[in-house]
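Chain naming follows the written order as A, B, C and D, and within any one chain the residues start at number 1.
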Amino acid sequence: MGAKLNSEWEPQLLGFLCKWCSYGGADLAGTSRKKYPPNIRIIKVPCSGRVDPLFVFKALQMGFDGVLVSGCHPGDCHYQTGNFRARRRIAITKKFLEYMGMEPERIQASWISASEAGKFVEVVTEVTEGLKAIGPNQLFDEQRP
Amino acid sequence: MSIEYRVSSFEEYRGGRREASKLKTQNSKLVRKKDIGSVLHQWSKDYTIFVPCNEGDTAFTVHGSRLTVYGLWDGSDINLDWYRNTVTPPKANFLPPLEEMFRFQKGKEGHSMELPFEPGVWSLESGVPLPQLIFGIRPCDARALSLLDLIFTDAYQDPYYLPRREGAVLVGLVCLNPYDSCFCTSLGIGPGESDDVDLLLTDIGDEFLIEEISDKGKRLMELTAGLKDATEDDTARANEAKEKAYGRVTRKINTEGIKDRLLSAFEDEHYWEKVAAKCIACGICTFLCPTCYCFDISDEMVKKQGARFRCWDSCAFALYTKMPMENPREEKWQRVRQKVCHKFEFYPMTFDVIACTGCGRCIRLCPVNWDITQTLRLLD
Amino acid sequence: MNSDHKMQQKLRHEAKALLEQDKVDLIIGFEAGSLKFTTTPLITKSKDDLDRLVINPFIVNNLALFLPDFKGRIAVASKGCDSRSIVSLIQDNKVSRDDLVIIGIPCPGMIELRKVEKLTGKDRDELDDIIREGDKVVITVDGKGSEFPIAEVLSDNCLACEFPTPQDYDILLGEPTATSQESRVKSRESRVKGQGSRVQSHGEGGGLQSEASPDSRLQTLKAMSPQQRWEFWRKEFSRCIRCYACRNICPSCFCKRCFVEESEPRWLMPMPRWQENLMFQAIRNIHLAGRCTDCGGCERSCPVNIPLRCLTKEMYDLVDELFHFKAGMDKDAPPLMTHYEQEEAEDLIR
Amino acid sequence: MTASDIIEKHRFLAQSNVYLPHIMVIEKIIDETPSVRTFHFNFKDEKLRDEFTFESGQFGEYSVFGVGEAPFCISSSPTRRDHLEFALQRVGKVTNALHRLGVGAEIGFRGPYGNGFPLDLLQGKNLVFVGGGIGLAPLRSLIWNVLDNRDKYGDIQIIYGARSPADLCFKYDLDAWGDDKTVDVITTVDRQESRVQSPVSRVEAGNSRLQSQESRVGAGDSRLQTADSRLLREGFVPQILGQVAPSAQNAIAIVCGPPIMIRFTFPVLEKLGFTPEQMITTLEKRMKCGIGKCGRCNIGNIYVCRDGPVFSYAQIKGFISSEY
């Protein structure tokens, strides 16, 4: 864990991106050669509604510094209601884990459509900066400094 | 790897060991309660000392209930007037809820394994491994450890449990205020039973009477300064206190022929379904039972380094016996039956002794008050 | 003759009638436990057992727990929180309302033995008697009785209870408990205050937060920094032995196979390490969002005194705050997580 | 005992730690059925190859480091010692991980544990082997053991069945035994044609594409694989056993298969005149330690790992209906 305190530490962000919208947005950002922080690792999910709070918690337990769940804008879900359900889940997960003592910056959600490459870049940049500000995830380390 | 030694019965196994270690003539000493700290201090040079302490005091609970556990002695004076028994049984000191068995790693040359430093020894912060001394263990819990010895010795020697056990010293404390859930006297153990401890303490007011029970206890006493010899009057007072405590254990079970009664009830599905109906199949009664020993083994690996762990497991969980295609104890009543029969039927069949010491934890701590003594009473 | 006794007589009578008239196959209620001041679930098909049914201040278990285990028509004795758990189970299609006869107990609150033990400095079995008399309780130790306000020994969740009278019932054993409007208001106030204290420093307005406030522990926690809170839970969960009593006593934890038992993928190791214990409880609480009725069973059953209600109550309040949802109020309403509103919780999303 | 005595004692015990596995290397992999694979393996430490002894019917605990441990019998015969074999069906976490391994991979192994088949008792007797599915694995070790000392035993009859022709394990052995004039082999399947694909084998079919094919050896072209109906009977094993009706005279039946098959086979054997002492089986239970400590594999007071896995029906009769 010593490496984490190193000044060269870069946050690791795990993104669960809906395959219909946000993943498209990320793809577009790539193909249109927009620059965004390389800190994000992406898992494509069929819908933001597929993201179980368990995934989010597990990612943080495994050492990711932050998690981003991203789906279609309200009303645009490919499956009509998936992102509305996701919204409820994310809301309680974020609020509840915050209550348990997790920094709220570590759990993030966004609506990004397939055409919003710019918004994707913006969100990833902001979230990465936010994570840099709060520092590495040492929540599950045996002893915290 | 062939089986080296089979334990045939509790008496046979223990008979020899007890003969070897038990003293012909028993000496008794006295220690003032306020001097216990200094005695422990002397012992702490050779032992890691565990004493009953209250975790509940530091826990964030509006309910100030005592959560008594064996904790590492912090060097301060101790007063045990409040102490009745722990929630976690002392088996946790020998078969910890979780322990690392060994580590492994994958390198260029393949896998290699490494045992944790001195498997089976509690190491102090200084890194010096010392055997444990458990201060204030109740006679029922001490008997429970003797019962656990059987399973960990039989057939294959357990390399984690046994070394801890062999080094350890048990300083028993006569149980003057048993709980209403205790039924030790039905199982041949009294609140003043001395068979399974090395030293036995009895509270006789301002002092403890210390009886030397085993060789190990005697040696420990020889190294201890500042004790008085006990008079006959002191011994008489201690005996009286034990007698009284014996009478305070009012809960009873009938162990006469219990093995056979359970055997004939084994197939009685209706009976087991009835008694199991309210059980919630949690692990409290088994995890906190001083004689339950079941464990699970699991691996964890991060990158190329990992370790194999063992941790407590319980027959109350369906997953415990689940195989891919079927589960021999899928139903709750089957698991309840296993728990009861293991203690009162299977253990007697194998080792000729009941694997229950009447400590009452399973009754006291059960969230729905599932009471094993009532279950057994239905078979009378 | 106190009201518990009257309710008890009526319960026995009604239960007998239900069995005799073949309206139900099974009765689930409480009988005296084998230890002082405890009760134990009575699950029976036999009329002869019904004289053992009791109602007293110690009928703490949430009997909704047993409903999915049995087939057939069941009559179940049910306090306010139990009835909400039953409704919640109906919402989740775990039981059918048609198979149930709910015998409602207007609940005056349950006595928390751990509080009595703290108050008297004695263990449960060392007490001679505990008698509730209206809003007082008389505790007798060594032959000497002392009187305390009942609020000092009631469970936290009972002090915070908004709906002591069952929400849905077929038979009600007494007059509805005066829906303690007062306690409802009080709990709302304290919640608002609790939120406030997230930003404000703790201690402000501390005069209003009496010791007896059922949610004072939550407020203390909320006043801490996130680091302190995490440290707090880390410490609490390092005691957890993973006996799963909290899960198994909970009527809302009805999954046939819990996520902790999955082996592929293995979400968490089956070992009592604080990291895993904490994750288990966090996810369990998230799964219970909109199902937990604050019956307090998990904290009561924990053998190592982990203050679990400080988690469940927060979730209970959260779903109310975010989605204006209270568990188990309307059997025809969809479960919280299967439903949504067009406009809600948007401020949490970028 | 002083602290240093104890440290010494631990050093000693640590070296003979029963829970520490030996490192083994996989030498060859054979696909038996879509979901069953046989592994040929050997000690990485060559010294141990000769030191190691075992008996037919004994089992070992096999581990994939980082995933876990699982018990399987040693399916090769102690009379053929250039390597060891075990066969397993992919059904859970550990078996899946084992199936993902290729030739040259390292696994952990500890054992042998358990009691093995009572060869003394079997000598001079007529032997009836009754096997189902992967239950042939432990029987196979014994069958080869017996065949390698053919003159010590009487008549040998093997009744083996699987769900479908594709689910028959050890087809090369079945062929070899079929060729042996001193052995009577009866093979049966629950259903001859239109095999219903089990979910397990469907997953397997998908997964095996990811495997490097050259490292594994297929079961070869067996006569049985062509599902020649003259060689294959149709029906459940207990049913076929009843039709074949082997004589109980001076005979011993050795049964191994899924619990359901075992449960239905004993009554058939009883009808044929076999006494409980004449029926031998080897059981399978969930196990962790393999040495009688962890508690889960009991049937009554008997631990399958410590007292078994080979039992006579007489030993387990009291509990088998409800606990197995």
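Here is the rule we go by: a residue touches a chain if its C-beta (ideal position, glycine included) is under 8 Å from a C-beta of that chain, and two chains touch if they have at least 3 such contacts.
These numbers were taken from a predicted model, which means no experiment stands behind them.
J.: B-D versus A-C: which has more C-beta pairs touching?
T.: B-D
J.: With centres defined as the mean C-alpha position, give me the chain A-chain C separation in Å.
T.: Computed from C-alpha means, the inter-chain centre distance equals 35 Å.
J.: Can you give the whole-Å distance between the Cα centres of chain A and chain B?
T.: Distance between chain centres, rounded to whole Å: 48 Å.
J.: From the mean C-alpha coordinate of chain B to that of chain D, what's the distance rounded to whole Å?
T.: 38
J.: Just how far, in Å, is the C-alpha centre of chain D from the one of chain C?
T.: 51
J.: Using the touch definition from the top, which residues of chain D touch two or more other chains?
T.: Within chain D, the residues that touch at least two other chains are 92.
J.: At least two partner chains per residue is the criterion; list those residues in chain A.
T.: none
J.: Send over the residues of chain C in touch with two or more other chains.
T.: 232
J.: Which label fits the chain touch graph of this model best, line, ring, star, complete or other?
T.: other
J.: Every pair of chains that touch: which are they?
T.: A-C, B-C, B-D, C-D
J.: Show which residues of chain D lie in contact with chain C when the two form their complex.
T.: Residues 92-93, 96.
J.: If you look only at chain B, which of its residues touch chain C in the complex?
T.: Touching chain C: residues 55-56, 59-67, 84, 87-88, 97-98, 179-181, 277-278, 280-284, 287-288, 296, 298, 300, 309, 311-314, 317, 319, 363-365, 367-371, 373-374 of chain B.
J.: Within their complex, state which residues of chain D touch chain B.
T.: Within the complex, chain D touches chain B at residues 1-3, 6-7, 9-10, 13-14, 16-21, 23, 44, 63-69, 91-92, 95, 106, 108, 110-113, 258-260, 284-286, 288-289, 291-301, 306, 318-319, 321-324.
J.: What residues on chain B touch chain D, complex-wise?
T.: For chain B paired with chain D, touching residues are 1, 3, 46, 101-102, 104, 106, 110-111, 113, 115, 118-121, 128-131, 151-152, 154-160, 162-163, 166-167, 216, 263, 266-267, 269, 293-301, 306, 308, 313, 315, 320-326, 328-329, 334, 338, 341-342, 345-347, 349-350.
J.: Given the complex with chain B, which residues does chain C contribute to the contact?
T.: Interface residues on the chain C side: 33-36, 38-43, 61, 65-66, 69, 112, 114-115, 117-118, 123, 125, 156, 216-217, 220, 232, 236, 239, 241-245, 247-249, 261, 269-273, 297, 300-301, 303-307, 310.
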